[in-house]
Amino acid sequence: MGKRDRLSGNEAVAVAMRQINPDVVAAFPITPSTEVPQYFAAFANDGLVDTEFVPVESEHSAMSACIGAEAAGARTMTATSANGLAYMWEMLYIAASSRLPIVLAAVNRALSGPINIHNDHSDTMGARDSGWVQLYGETNQEAYDNFIMAVKIAEHPDVCLPVMDCYDGFITSHSVEVIELLDDQDVKNFVGEYKPKAYLNNPNGKVSMGPLDMPAYYFEHKRQQAEAMKNAKRVILEVSEEFYKLTGRKYGLFEEYKMEDAEVAIVLLNSTAGTAKAVVDELRSKGVKAGLIKIRVFRPFPVDEIVAALKGLKAVAVMDKADGFNGAGGPLFTDITSALYGKADVKVINYIYGLGGRDVRTDDIEVVYDELLKIAETGSVKSVYNYLGIKE
Amino acid sequence: MAFKLKEEALKPERLTGGHRMCAGCGAPVVVRAVLRALKAEDQAVICSATGCLEVSTFMYPYTAWNDSFIHSAFENAGATISGAEAAYKAMKKKGKLPADQTIKFIAFGGDGGTYDIGLQSLSGAMERGHDMVYVCYDNGAYMNTGIQRSSATPRFADTTTSPAGSSVPGKQQQRKDLTAIMAAHHLPYVAQTAPLGSKHGGFKDLHEKAEKAIYTEGACFLNVLAPCPRGWRYDTPKLLEMTDIAVDTCVWPLYEIVDGKLTLSYIPKEKKPVEEYLKAQGRFRHVFKKGNEWMIEEIQKEVDRTWEDLLNRNETK
Amino acid sequence: MKKINWDLNNISWKDITPGGIVEVPGSASDTITGEWRSDKPIWDKDKCKQCLICFPVCPDSSINVSEGKMVGIDYDHCKGCGICANQCPFGAIEMVREG
Amino acid sequence: MSKVVEIRWHGRGGQGAKTASLLLADAAFNTGKYIQGFPEYGPERMGAPITAYNRISDEPITVHSNIYEPGYVVVVDETLIDSVAVTAGLKDDGAIIVNTAKSPEEIAPKLRGYNGKVYTIDARKISVECLGKYFPNTPMLAATIKVTGVMDPDEFIKDMEASFKHKFASKPQVIEGNMKALKMSMEEVKGI
């Protein structure tokens, strides 16, 4: 049986880390992820885990040490945000291409510049093509659950890819909310023991890792990586099903909220989904057929499933908490519209919102649904690429 | 710890032939010598920064390493090996490795990956005190990308980014004293060494220092002169003539610092003039042009100053 | 020792080792770098005093030593740099033009 | 959404307004409520005005925005009344609680035309008297529970006693002082 508690998102993830008891955690502080290694260092120094905690001098070294540790045969984790994630950039790609199942708590924060410590998704969106699996969560509960599942997904032999557990800085990371924690023993059993096939510290089989890969083989290695990402979709669902059996909490590739008979819907990530659900409830109470889709698995992207979910809707708004700076829309919008291309004729508009911690209220979300209802009624789209809550 | 070549030659070779370093390269000679200091029964995990050594010794699917080896990037050999070492400690603690299994962690980087782009990562790993050895094979320029100047390049050397031009005659700055920077990390063992010709005891100095570094607990650092025939412009057979003259002119002093105490390993009876070092290498040809005598004087002055300084700090006079 | 036994030109992406990991230590010894050589060291067994000075100075691990004795040169890997000949105190290694 | 009690805290960095909001969340959590407790983060250092929030409800809370129309406002440092719009958005059927030695009648005129209920509590006096030091959190928390009615005061007292006993197991005098402060605060908070 689980235990009802009240924790901030960062505390919850640190607790998950303690319950997993990884071999190595290497991290460098950056707001708003700092608390994760901070809580964890206390667990380590109080003897609650037997992890080697490596307090590195930068995020670049954090990811480098994670790579060294995971390659050496250790279950390894870290946490970061924004500029820290950017500073890891080079190593993110190397972790993924080396097929090292590292787990990273990515506490979403706006990427400089100008410097801003508040929430948006510009940090992890930039890492979307790095070869990491990306899970997004609305609440402390989801950040915690995803973190535990991430270990199993990452280490699955058909995947062997690193996983980012993304949740909103401050809004989720620093807000105390009610949470259902798993028993320590259940977490231990769920994640099992890490048994890599080949690793540096293996006394019975020496390996070389990180070669110079010439044109004769590089492409084949990339093709394998792409296959692993495809496999990840199946594995995520399998692991989520197992988690459901353990906890009763159901996770898919995305959450469909009141979508059964919906005519208009918004698609988004993370904490704003909760605020939007309140608006959906309000609209539903007035008889409006509004729905919502919250993407949980952004990498791999659930292309076919999204098409099936959006097909037949009269109007859809994709909300991006990061701009794409391509002159046409945000990253989630681009992925959704390309998924729909040739498969469903749905009117889709895009809102860039909440950049740098601009607060998102129920009133803001109402504006989006109002616009969708207008499109549903008239069949015409005024503007595709829009900004919500900007000072005009 | 006495060095007996015959006995050392009985140990298994840890770096195979078939790697793609240039003919006559100093780096694999250094690597072989360092790894020979490992006890035959001890396992090693080796890391290399991106550089000549890495791209030449591990071109998929051919690895020249008989031990476990990892490369991840240019600037992070210190951090990468520190992660592997942390994994070792954790795995030992959790009983995932046999209790009697010893693994030694050794990182190699050129002067580019060590003095420059990798300095932060190295400094962090050393300060944290992982049980590891970091070996810089110093050939005094970014040789892998085509002989660009580094902060280890000696003053006035001709490189592709500090060319001996008609108005600016080569690199203008003194080289960085990395060994001193590492010593300032209060490491248990720091040494400067080189593979040498038999009149200097051959590989004794390098072997013994490598052995001490590997078997001293904590983070240890070796700075090893590793001539590059292409970058220095000398004929390949002369590798050890280069290192011999470097120590005889005191351009590359041999010393070790144990718990902060400095000991010179070799004091030439008669310090040779720096010209002898310079004239052996094409990268200094321009300093011998008429009118450039001042450059040799400047180099000599700097060599004298650092040598005097070392003599003053030498604790076993 | 195990060897890399792939058809190098036709290995499928499905069969290649993931992440570029190589589980055959020292597999580089399968590759021939002796072709790089323009000068070839010739060892004169009679002049050799078995001091082994040639052994550590070789960048290509190409001085064959068995039971503590120099037994010959690994021409598969020797690149002909000439350090061994230069360092031999007894003139037991001589560099000659290839071919 | 109307069942959610929304509270906004005003304090200064280092004074413990954030901690007070977390303590309130804790107390409500312990009686089985759904809770949120979160500060509004900025680069503020010690002494700068800060804001923290609570949402407390019998049902799950999904909204994750800041609180703009709170039912209650708690002012931990009365000097903020002059510099911060503490009553902004505060509902007229709600209340404001101010830490001050002054009476509600004296405070009310300073609140920029706010028409709702005004409560005051002298947290300094109570704290110094019961704990020997100025820790405004305990008195402010007790006053807030009393005024907002988010939970039963007796249940709250019982719960706090248990948590103090756990937290200060080796310092019984601290437990006693805190309990005294809680009870005194509940009695002394005055309103108009």
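Residue numbering begins at 1 within each chain, and the chains themselves are lettered A, B, C and D in the order written.
Convention: contacts are C-beta pairs under 8 Å (C-beta built on N, C-alpha and C of every residue); 3 or more make two chains touch, one makes a residue touch a chain.
All figures in this text were calculated on a predicted structure; none of them were measured in a lab.
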| item | value |
| --- | --- |
| Euclidean distance of C-alpha centroids - chain C vs chain D, Å | 78 |
| Centroid distance [mean C-alpha coordinates] between chain C and chain B, Å | 23 |
| Where chain A and chain B are represented by their mean Cα positions, the distance between them in whole Å | 43 |
| Chain A and chain D: spacing of chain centres that average the CA atoms, whole Å | 35 |
| Residues of chain A whose C-beta touches two or more other chains | 98, 206-211, 213, 217 |
| Two or more partner chains touched - positions in chain B | 58-61, 63, 65-68 |
| Multi-chain contact residues (two or more partners), chain C | 20, 22, 25 |
| Chain contact topology (line, ring, star, complete or other) | other |
| In contact (per the touch rule at the top): chain pairs | A-B, A-C, A-D, B-C |
| Residue ranges of chain C touching chain B (in the complex, touch as defined) | 4, 6, 17, 20, 22, 24-33, 36-37, 51-53, 55-62, 65, 67-68, 74, 76-83, 85-87, 89, 95 |
| Complex contacts: residues of chain B adjacent to chain A | 43, 45, 47, 54-55, 58-61, 63, 65-73, 75-76, 78-91, 93-94, 96-98, 101, 103, 120-121, 123-125, 127-128 |
| Residue numbers on chain B that touch chain C, as the complex places them | 5-10, 13, 15-29, 32-33, 36, 57-68, 195, 197-198, 202-203, 229, 235-241 |
| Residue ranges of chain A touching chain B (in the complex, touch as defined) | 23-24, 26, 50-52, 54-58, 60-62, 64-74, 76, 90-91, 94, 98, 200-203, 206-214, 217 |
| In the complex with chain A, residue positions of chain D that touch it | 1, 22, 25-26, 29, 34-39, 41, 43, 60-66, 68 |
